[in-house]
Amino acid sequence: MNYNFRFNALLPYTGEILRGVGLTLQLTLLTAVIGLAIGLFVALASSSERAALRVPARIYVEAIRNTPLLVQLFLVFFGLPSLGIRLDASVAAMVGLSINVGAYAGEILRAGFQSVRSSQVEAGRSLGLTAGQTFRHVVLFPAIKAIYPALASQFVLLLLATSVVSSIGAADLFHQAAFIDSRTYRSFESYALITLAYLILTLAFRALLSAIYWLVFVRRSRP
Amino acid sequence: MPLVEISEIHKRFGTVEVLKDVSLSLDKGEIVAVIGRSGSGKSTMLRCINALERVQAGRIVVDGIDVTAPDADLNRLRQRVGMVFQSYNLFPHLTVERNVMLALRLVRKLGEDAARDIARQMVAKVGLAEKLAAYPDELSGGQQQRVAIARSLAMQPTLMLFDEITSALDPELVGEVLRVLESVAQEGMTMMLVTHEMNFAKNVADRVIFMHEGRIHEDGPARETLLEPRTAELRSFLSAVLH
Amino acid sequence: MIREFSPADVVYMLAAARWTVALALFAMVGGGLIGMLVAVLRIVAFRPANWVARAYINLIQGTPLLGQLFVFFFGLPLLGIQVGAWEAAALSLSIYASAFFAEIWRGSLQSVSPRQWEAGAALGLTYVQRLTHVVLPQAVRIAVPPTVGFLMQLVKDTSLTALIGFIELTRASQIISAATFAPLPVYGTAAAIYFVICFSLSRLSQRLEKRSHAAR
């Protein structure tokens, strides 16, 4: 092997990399929040007794979960303009990712609501709580606790999946790899470095999510 | 006028008929023990009274509310009928105090302080004042069940239903729960208990109902019915549970 | 030259979809073999092996597949190994899959109750006998549905290889879309083909799951 690895050639681009980190985190958090909101609607709709709500929710979830994110992004960015909807790359990335996460979050939430035993619902109802009160005060918190791990790994996957938006030209951390590559002609070093940057990001993100779990669900505030 | 009036109710799960033409009335202040083999329909009957199960035919009136009417106000009904379950069903994410306070605040619309006062009083009554800040998973089964009783009593129901509330407990924990039940009974609460504790039924209940294959097979004063069963079915049931 | 999106294009896409399936199957087999090794390293009673396996899994699951693809695509030639898009894609998807399989299978093995090990020991079975006759049969039954479920994930993930130029379904769609300027029907068709493959797999996984519950 006679190749000289020259990672120091990338040093001048630290600023670009940090900017990429910021963009990726921003994209992840924003789409996580929007996706969660979509997911809540979808979960409630798909456990509804009314077919008019349930069927569209199921179609949405199945359509998203059975097709690749990349194709979904292409449909939003390249496909929608032929319907007269022209989105900027970064907006298209956000829309595509949110729609994608919404379906997965919806499934996780639905499973969570179902996981709270019906005996808990009965206990709430037999105390005279309405269906809505039972959901809010009896079902919601244990359900969120039960699904938190699944939701957290979904968000880690989301953080990694955001790298795909570079393919439609949206600016994020992975996009910086191509940029640095184009300036330094150090393809391997550029992509390896950026890939490792994601590792640091995911490890930190996971630690943060575990800390939140501990703060909210494990450490109980004593009166 | 009786507090509970059950007339000719039928209940099916799929093709299995669990309750066949059951009629029963219960006066205010009465303590009724319902006994019978598992599958005899006793728990189902209890669950029909506060409409956790809906009947296919017949009528149930509780404290003037027609439970079986399609537009029955179930929330109003359940405020007057307390129920304690075999599996306690405490809310795992709330402390003992919060478990008791929840319905007081949401259903009775009491303020935080008023609800807390009642909760503390009720929890003290079941002997767990020092556990107010504990979470359900930090309590023994017997303690959890006592909290569940306090949670129901706090709503000041006119009728209490107890569904095999000692069946899931270790034998040494049964006593403390039964003592709480006795003190509730002494205060004049109308109670209906599905139970396997024959001594408790004999000593505390006024009346015993023996259910067999979805029907009320015997119904009479507690001591008399248990000591001198009239039917062969009750006799064989009693000899099976007592030995 | 712009032309219409025609049935011939759909045929071309279906032909490309064979490479999607081939790639997923290759990664299933390759990733399965590596994954088995990693799963064993993860649970054997030898700490350093556990650490290596965990580090490997964390590295693969903590970085984007897209990054791994590019690293192999640009990295292997530096090691003197001349690779095309297929080799880079097949290798990195296998490695990617191995980390997930290792975790799925480790979880399945560990979900078999320790009492089963004890019961086997009480009958006088050796460690290997307990593993092969008592624990593995139960673990396999638990592992099959999530394994098939991950295969569906793998089919979707093959789409990323389009970005290093491997011509599978997504890359074929990009080519046709560029030639016809009809992105909506082209990508819509691609989505439909993916849907048919993935939906069949997820249904299969659900059925297997139901069966394994019924068998218990």
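To keep things simple, chains are lettered A, B and C as they appear, and every chain counts its residues starting from 1.
Simple rule for what comes next: a residue touches a chain if its C-beta (ideal position, glycine included) is under 8 Å from a C-beta of that chain, and two chains touch if they have at least 3 such contacts.
Protein identities per chain, from UniProt: A = Amino acid ABC transporter permease; B = Amino acid ABC transporter ATP-binding protein.
Note that the structure is predicted; figures quoted are calculated from it, not measured.
Q: Count the C-beta pairs in contact for every pair of chains, then give the pair with the highest total.
A: A-C
Q: Look at all chain centres (mean of CA atoms) and spot the one farthest from the centre of subunit A.
A: B
Q: Using Cα averages as centroids, what's the distance between subunit A and subunit B in whole Å?
A: 46
Q: How big is the gap, in whole Å, between where the Cα atoms of subunit B centre and where those of subunit C centre?
A: 53
Q: Where the CA atoms of subunit A average out and where those of subunit C average out, how many Å apart are those spots?
A: It comes to 20 Å between the two C-alpha centres.
Q: Which residues, counting only subunit C, touch subunit A once they are in their complex?
A: Against subunit A, subunit C makes touches at 58-59, 61-68, 70-71, 74-75, 78-80, 152, 156-157, 159-160, 162-163, 170, 173-174, 177, 182-184, 187-188, 190-191, 194-195, 198-199, 202.
Q: For subunit A, which residues count as touching subunit C in their complex?
A: 1, 3, 62-63, 65-72, 74-75, 78-83, 160-161, 163-164, 166-167, 174, 177, 187-188, 191-192, 194-196, 198-199, 202-203, 206
Q: Report the residues of subunit A in contact with subunit B in the complex, numbered from low to high.
A: Answer in residue numbers: 119-120, 122-130, 133, 137-138, 141-142, 145, 220, 222-223.
Q: Residues of subunit B touching subunit A in their complex?
A: Checking each residue of subunit B against subunit A gives 50, 52, 74-76, 78-79, 81-83, 85, 87, 89-93, 95, 97, 102-103, 106-107, 133, 135, 148, 151-152, 155.
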